[in-house]
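Order of writing sets the labels: A, B and C. Residues in every chain begin at 1.
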Amino acid sequence: MTLLTLLDFGAVLIFALTGALVASRAQLDLVGFAFVACLTAVGGGTVRDLLLNRDPVFWIGAPSYILLATAAAIVVFFTAHLVESRYRWLLWLDSFALSIAVAAGAGVAMQLDQPPVIVALMGVTTGCMGGLMRDVVVGEVPLVLKHGELYATAALAGALTAQVVATAGAGSYAALPAGAAVCWALRAGSLAFGWSLPAYKSRPPRH
Amino acid sequence: MTLLTLLDFGAVLIFALTGALVASRAQLDLVGFAFVACLTAVGGGTVRDLLLNRDPVFWIGAPSYILLATAAAIVVFFTAHLVESRYRWLLWLDSFALSIAVAAGAGVAMQLDQPPVIVALMGVTTGCMGGLMRDVVVGEVPLVLKHGELYATAALAGALTAQVVATAGAGSYAALPAGAAVCWALRAGSLAFGWSLPAYKSRPPRH
Amino acid sequence: MTLLTLLDFGAVLIFALTGALVASRAQLDLVGFAFVACLTAVGGGTVRDLLLNRDPVFWIGAPSYILLATAAAIVVFFTAHLVESRYRWLLWLDSFALSIAVAAGAGVAMQLDQPPVIVALMGVTTGCMGGLMRDVVVGEVPLVLKHGELYATAALAGALTAQVVATAGAGSYAALPAGAAVCWALRAGSLAFGWSLPAYKSRPPRH
């Protein structure tokens, strides 16, 4: 199993857990859990693979991704009531899934010798699109658009880090974990300590 | 005309009617009706074809799908006011479109010799994605996420039925209608009699 | 630079401005601005290219599209507070982006010798999908579904105009600007003078 495959599996598993947690908030049945879990789990990587015209899309060539996401949904269905604060779990699991998926997306683009701009974009896309679909489908404000939080910023920083470390001559076994770590550190700092970039503030028109 | 083509036409026609009914609830004009009708009609099959890398996408190779969906939108534009309960019509038409599209999706995947997991997923995807786009775009809770109803479950059961009947040696002329029938029976039972699977219920934390 | 490339660049730039304006209404940070701007800017053309199986998708083959959209987002981030009515700007910029993108979509489909139905659909898709994604993601009613306005109608009229002018023997340098002009005239008339088509009105059931 290559590092890229491992990252895809990691992102699928953890994103599936977040999708199932969202399904629990919507009180769906077991198949509904699996539906939202699979959509969230493979959404970002699917957009990446369609954009890069990879054939087949990663989970169609290897159905075990879907089985893994479904298993995660089943576990959450039977255990989510044991958890004190499902929303906190959702946020933190999402931060791990985001970071791993950013590395997976950047890694795939680098493997295909894409230019740095596309590497950065594929990292952000793979990281953010699954969660975005999850949130749009259930009608919540997407985490990536929550104001006053680092999310797209963390994803971009992670993808750029992976690119820079790889360009510096390190192999992908160093570059991709470094990118994931930077992404997660920023996102976790935002969740735990309120780190943020200055947000746009409209000012009253001048006289 | 093959069975798969026939199923695609059937799903397109009926999904287009549901899209146009949703457009009537949003009081759009005739072109708006056609827009939502086409999006709903070809949405699920388009996702299926992109994922399976079929070239061309089914309706791009045969524009009559779009003409059919547009004709359906026009008919609804001029007749929907004659209908007593547009929402009941929407639900029941959607149940037929779902069932036919599930069979169409599973059938295409089987024809491409995909493994059972992918056959099941393509059935669910083709069945659910058009209606999901329709509902997300107009800002309603997607039918597939309505709690206490069989929807994704009906789609999954239909796709699995088609797979099992085909594996048992029956041709697709038996397998696909059987899958559609099972899907529709479950969805109709849910609409008419409130059939459902146990939904997730959060329980108060233990002491 | 060909006319089609020029149209794609124009649509990307102006759609990016609208995306950034929407980001300003959601009070995102600078990277959030760039995220929504890029999604809006390349969304429609990406759907077009995936549907037509163009490889690579236009902005993956030429990352300068992304840099342009990002630059537009940065400019809006630092200047939007100078603007009196951001929503009016959003509407009018969107009308230009829509018109240019309709021409770009129809032009690409004509270049690929697609039949007229697909040319029309690709014009509408390229024009409407980026803005639709922008509005869905932030949870607003998509402009294309606003009742009592010409939007999909303007897009369709523009795409059909381009097709008719091209069929009449004019080159694309006449056909595509003509299509964009017709689209924009209708959309602008709707914004400025309230032009609209009769909308669906449900009537009470007859006795």
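One rule holds in what follows: a contact is a pair of C-beta atoms (placed from the backbone, for glycine too) under 8 Å apart; a residue touches a chain by one contact, two chains touch by 3 or more.
As the structure is a computational prediction, the values presented were derived from the model and not from experiment.
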Pairwise touch network: line, ring, star, complete, or other: complete
Angle of the C-alpha superposing rotation, chain A to chain B, to the nearest 5 degrees: 120
Between chain C and chain B, distance of the C-alpha-averaged centres to the nearest whole Å: 28
In chain A, residues with contacts to at least two other chains: 50, 136, 139
Chain A contact footprint on chain B (complex, rising order): 50-53, 114-115, 117-118, 121, 124, 128, 132, 136, 139, 141-142, 144-145, 147-148, 150-153, 156, 196-203, 205
Complex contacts: residues of chain B adjacent to chain C: 23-24, 26-36, 38, 46, 50, 55-57, 60, 63, 66-67, 77, 80-82, 84, 86, 136-139
